[in-house]
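Some structures to go through are shown next.
One chain, chain A, appears in both complexes that follow, with chain B as partner in the first and chain C in the second.
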Partner chain A sequence: MTEVSIERLTKTFGSARAVDGISIRIADGEFISLLGPSGCGKTTTLKMIAGFEEASEGAIRFDGKDVVNVPAEKRDIGMVFQNYALFPHMTVDQNLAFGLEMRKIAKPEILNRIAKVLDMVQLGGYSDRYPNQLSGGQQQRVALARALVIEPKILLLDEPLANLDAKLREEMRVFIRDLQRRVGITTVYVTHDQAEAMTMSDRVVVMFGGRIAQIGAPSDIYERPENLEVAQFVGQVNLVKGTVTGAAGPGKSRVASVFGEVAVDSRTDHAPGIAVTLSLRPEAIELKPAGRGRAQGKVTARYYSGSIIDYRIALDSGETLHVQTFPNTRIAEGDRVSVHAPADGFWLLGAAK
Partner chain B sequence: MMPARRKGLGSMVLIAPAAVLLGVFLVLPYLNIVVMSFRMPGQGTPYGQGFTIGNYTKFFADSFYLLQVANTLWIGLLTTAICLAVGFPVAWQLARGAMRFRALAYGLVLSPLLVGIVIRSYGWTILLGNAGLINRSLTGMGLLDRPLPLMYNALGIVIALVHVFLPFMILPIMAAIQGVDPSLESAARSLGASRFTAFRRIVLPLCLPGIQAGCILVFVLSLSAYVTPSLIGGLRVKTMAVTVVDALIDTFQWPWGSALALMLSVTGALCVVIFARLTRMKWKAMEP
Partner chain C sequence: MKRPVLTLYCLLVYAFLLAPILVVVGASFNAGNFLTFPPQGLSLRWYVTFFHNDVFMRAIRTSLWVAAVATVISGTIGTMAALYYVQHAGRWKEAVRIAMLAPLLLPEVLTAIALLFFVYAIGIGTTTMIGMIAGHVLITLPFVFINVSASLESFDPSWDMAARSLGAGRLARFRRIMLPLIKPGVIGGALFAFIISFDTFTISFMLKGIGTSTLPIQLFDYLRTNFTPEAAAVSTVSILLTLVGVIVSEKVLGLRIHRF
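== the complex of A and B ==
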C-alpha cells in the first residue's frame, strides 16, 4: 500500500515555529502515533499530511511522490476527526456514499462497499439513521467506516477517542487497532494520551515544542526514554540521584545510589565520578517489611484503585518515592518498609542538572 | 422530575406576556381592519353605515390595483434577490473570516440600522436625483448627456431598500454559517470533494434555514416599507404600502384602505408560504 516519508517538515505561524523541521519515515501498513502535550505540533503535522495546512518548508512523500502541492481532495486520504464531523443532514448510508460518489463509483458498487464496511464496524442495520440518532461510540465507528470505505492510501486519526467515556475509549482502542491490522492500512494517529499511543502503535513519535523528542517502539519509549521530559510524559517516574563508579559492559554503567551500587542501562557512556539522574518506574519497585535491604522508609500515603495500589514512601535518606504494587500487598499507611529495586528497573537518563 | 402538567403550565406563564402583547396590539387591530374593510364608504366621515363587499370588487375590477400589487411584489422580490447575492459573501466572511476583519465588518453591516430610516432615504434622494451626486458626477465627467433616471422609478426604490434591509439578510445567514462546523468541510474534502462541492453538498444545505429566514425577513419588510418608497418613488411609482397610507390618511377612505392593506397582507403571506414550501423541497432534494 503506502509508505509515507516526512522530511524536515516545518510550519511557521508568523514567527512561531509550530512544527520545526521534523522527519519521520512511516513504513507501509505501520501504525504510528504522534504523542505530545497540546501545542506540541502533532495536530499541525497531521493537518499538513492531510493537506488542510500548507507546509512552510520540507516534503511529505506518499510512496516517494511529494504531495505538498497536492490539494487535500486529491491526496486520497481517509481522515477521522475528533468530533467525528459526520454530515448531520445525511443518513449513515449517505455519509458513507459521499466519498464514493466523489470518486464516480457506480451505484451498485457503492451499495456493495457500504454494506461491507458497515459489517466491518459492526453497524449493519444502522444505514438509515441520522448521526444524531447514534451514540458517541456508534458515530465514531461511522466516522471510521466513512474514512475506510474509500480505500484510501493512508488513514489519519485526530484524537478520535477524546470525546468518549473511559470504558468505551478502551474498547475502541482495541477495535481500531484490530481493524487497522486487518485492513493493513498505513495509519497516523494523533493523541495526547500516552496509554492510547502505547497500546495501539507500532511506533510512537513523542513531540515537544514542534520537535521530535524520541521515535521508537512503545516499550523503547517507556523503558529507554531519551530524556527526562519523555520519561515523565509517558508515565510516572521516580528520579534517583546517583554517581557513576565505572563501566559495566557495553551500554551499561555502574552507578551508586541510595539503593546501593547497580549496573544500569544507558544510551551513552559516562565517566566515573559524574553525578547522574536515574529513572525508576513505580511498578518496578518492591516493598518488603522493614529490616532487610539498604533503602528504608515509611509509608506516607496509600491509594487503592482496584487493579493496583499506589504508595508514597518517604525514604530515611530524604527522597520521596512513588510505588505501585499488586492489590494483595498488605502494607498500611504509617508502616515502616524496606524498598527493593532490581537493577533492570533503573534507566540512566543522563548527567544530573 | 417535574410532572409534565406543571412544566406545561410553567412555559405558558413564560409566553403569557408576549401572547397578551400580540393579542391586544396585533390580533385585535387586525380583526378591526378586517371588519373595516367590509364597511360602506363614508360621506365626509371615515366610513359609513352598513356592510358591503364593494371594496373588494372595486379592487379586483380595476387592473390598476392588481398591477400595483404585482409591482410591489416585484420590488420585494428584486430587493430580496439582490440582498441575498450581496449579503451571502459578507455573511460568510463575518462567520469564517479573520478576526481582525470581523469586528470592522460587523460594524459596517450594522451601521445602516444606526441611522433613522427617514434620514437614510433622504440621503438616497441626494445621491440618486437628476441633480444628485451620481448624475452630476457622470454628466460632469462627460460620460452622459442626460441624467440617468435613478429616482421616481422601481430601480431607485430597490437600490435604497437593499441598503436599508441588507443587515436583515446578513445577520441570520451569518448565524447559520457559524452553526456549521468547519471540520465538516474538511471531512468532505478529505473524501475527495472540491471546495465548491463541499460548499454545495454540505455547507449550503446546512445553512439553508438561515437563508430562508433572511429572505423572508427582507421580502416582508420590503413589501411593507413605506418611507423609502414614498420618498424615492414620489408620485410616479407607488407601492401598495404608499397607496394604503394615501387612502387612509390623504383621502380618508378607511374601508377602502383596509381592503387594500388586507390584499397586500394576503398576497405577501401567500408568497412567503410558497417560498417556504419550495425551499423545504429544495432542501430535501439536495440530499442524495
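== the complex of A and C ==
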C-alpha cells in the first residue's frame, strides 16, 4: 500500500496563499482528517493530492515518488466527492465499471470485482439502478464503491457526509471507518465537522488560514490543544484566568485561579508570577448544591437535550461558565450552586494575552 | 375547468397559432382549380401534380441536402463554440456570447447582402452552393450555441473530475461522460438548425446559384404566376417533413432529458 508525504506544499492564488507551506507524513493505511473552517485550505490541499489543483511549491510523494507533475488521471487515486458525482446517465454497474474499463481490465474480471465491491458496501441487487433511483446514503456508498473498486493507492474524501441527514451521517461515519480498516487503504478525509474528524481518524490535522495549527491523535487535539483557536474549534471550552505559582513536576505547573490552586498539564514550562489562560472542558465540571467549595455561582440557563444537560453558570467572581452534565442532575434555573473542577480537567493553553 | 378565463385565453393563443396551418392543410385537399378555403370538394389531385412536378421535387431535394449539410457544420461549430464559451472563455465570456448571437440580432436581409458582397469579393460567387450553405450555417449557429451552452451550464464539473480520478483521459471523458450528458442540447440545437435552414427564404434567395432553388424559393416563384392548391400541397408536405424530423429524432436519438 502507500505512504504519502507532503512537503512544504503551497498553493497561491494571485497574492493569496490558500495553502502555506504545509508538511504531513501519512503512514501506510492511516486515516488522516484535514479539519478546519471553510477557507482554511483543506479542500485545496486535497485537490492538490488528487491532482485537480497544481501545487505552486513543494512536493507530494506517494511511496517516495513525487507526483506533482503527474496528471490526476494517472495518479491512481480514488476520490469521493461531496455531491457524490455519480454519472447520472449510467447505472450503478456502469458507474463502477468505468474506472476498470479505463484500466483495460477484462470483462469477466470487471464483473467479478463489481460484485465483490457491491457486496462490501451492502448494495448487492442495486446493479441496474440509476443514481437518481437511489437514496442519498445509497448514492454515497456507490460513490465509495466506485472509488475503491479500482484499488487505488490512496482514498480521498471531500466532505462526503455533508449532504446527509444527522442520523445517516453517524451511521456512515462508522461504515466508512470500518470499511477503510478492512481494506487497509491510506485515506485523507476533508471535513469541517470536528466530531466527524475525531471519531473516524487515526490522526487529525487542524488547519487555519492555510497553515497547520496542530497534528495529532483525536484525544491529543481535544485534551492538549496547541492554542486557543484549536481548543475552541474542536469543542466547547471555558477559559479560566490564572497565575503560575510554581512548577509541579515535568510538564505540570501550579496555577492559582478562582478554582483554587491546582497542578495543570502544559506543553511548556512557565515562570512563577506569569498570567496564563487555562481551558476547562464543560463536561469536566461538576455541579453541587451551594455550600462548600471555592467557586460559587448561580444557574442562569438550563438546556435539556436528552443525553446531556447544558448549564450556564454565572460565578460570583464574575466569570460565566458553560457546564455539561448527565441528565439526572436535579439542578434548576436560578439555583445557587458550587462548581467543582478536578485538576485533570484543566489544560494550560499559554500565557494570557 | 377551474380557470375558465385562462383556459379560454390558451385556446385563443392556440387557435391564433394553428389556424393558418389548418387553412393551408385544408386548402391542399381542394378539388377545384384555385387556392380557396374552405376547399371546393375533396381530392388528392394537387398532391399527385406536386409529386410529378420535377421542379418542386428538385427543390425539395436541394432543401433537404442544404439543411443536412448546414446542420452538420453548424452543429459541430456551435457545440465547440459552446464548449469554449462555458469552460474556457473566462473574461471573454460575454464577448463570445454576443458574437455567437449576432446573426440572430441582425436583420437576416443585412446578413444576406453582406454575405453576397463577401462571396463575390473573395471570388467564390454564387456558381457553387458554398455561399448559400455558409449563410445557412451562419443563421443556424446561434440556435445550436444556445441549446448546447444551456445543457453545458447544467453539466456538473465534478463529473469530469470523478472521471479523471477514475483514470479517464481527455477523449474518454468527452466521449463517455460529457457528450452523452449534453446530447439533448446538441440534438435539440441541431433540430432547430435543420428546421430553420429548411425554412429560410431571405438567405437562400440572395445566395442561391442558378438552378439551385430551395423549396421556399420555388414556392415563391410558383405563387407569382400560379394560384393553384398545389402551393398548399407543397406547404403541407413541408410541414409534414418537419414534423416527421422532430418525431424521428425524439424517438431514435433520444431528445428527452436523461434521468437525473
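One rule holds in what follows: the second predicted complex is superposed on the first by the 353 of 353 C-alpha atoms of A that agree within 3 Å, B and C clash if a C-alpha of one lies under 4 Å from a C-alpha of the other, contacts with A are read in each partner's own complex, and residues count from 1 in each chain.
The rule is short, and it goes like this: contacts are C-beta pairs under 8 Å (C-beta built on N, C-alpha and C of every residue); 3 or more make two chains touch, one makes a residue touch a chain.
Not measured: the values here are computed from a predicted model.
Visitor: Return fit or clash for chain B versus chain C, each positioned on chain A through the superposition.
Guide: clash
Visitor: Go through the superposed model and pick first if A:R8 touches only chain B, second if only chain C, both, or neither.
Guide: Once the two structures are laid over each other on A, A:R8 reaches no partner at all.
Visitor: Which holds for A:A97: it touches chain B only (first), chain C only (second), both, or neither?
Guide: Once the two structures are laid over each other on A, A:A97 reaches chain B alone.
Visitor: By the touch definition at the top of the document, which applies to A:Y130: first (chain B), second (chain C), both, or neither?
Guide: A:Y130 sits against chain C, while chain B stays out of touch.
Visitor: Would you check which partner chain A:F81 touches, where first means chain B only, second means chain C only, and both and neither mean what they say?
Guide: Once the two structures are laid over each other on A, A:F81 reaches both partners.
Visitor: Look at A:R146 in the shared chain and tell me whether it touches chain B only, chain C only, both, or neither; answer first, second, both or neither.
Guide: Both partners, chain B and chain C.
Visitor: Jot down the residues of chain A that show up as touching in both complexes, chain B in one and chain C in the other.
Guide: In chain A, positions 50-52, 71-74, 76-79, 81-83, 85-89, 98-99, 102-103, 146-147, 150, 156 sit in both the chain B and chain C interfaces.
Visitor: Quick one: which bits of chain A touch chain C in the complex? Just the residue numbers, please.
Guide: For this pair, the touching residues of chain A are 50-52, 71-74, 76-79, 81-83, 85-89, 98-99, 102-103, 130, 132-133, 146-147, 150, 156.
Visitor: For chain B, which residues count as touching chain A in their complex?
Guide: 181, 183-184, 186-194, 197, 201-202, 205-206, 286-288
Visitor: Which chain C residues qualify as touching chain A in the complex?
Guide: On the chain C side, the touching residues are 156, 158-159, 161-169, 172, 176-177, 180-181, 258-260.
Visitor: Touching residues of chain A toward chain B in the complex: what are they?
Guide: That would be residues 50-52, 71-74, 76-79, 81-83, 85-90, 94, 97-99, 101-103, 146-147, 150, 156 of chain A.
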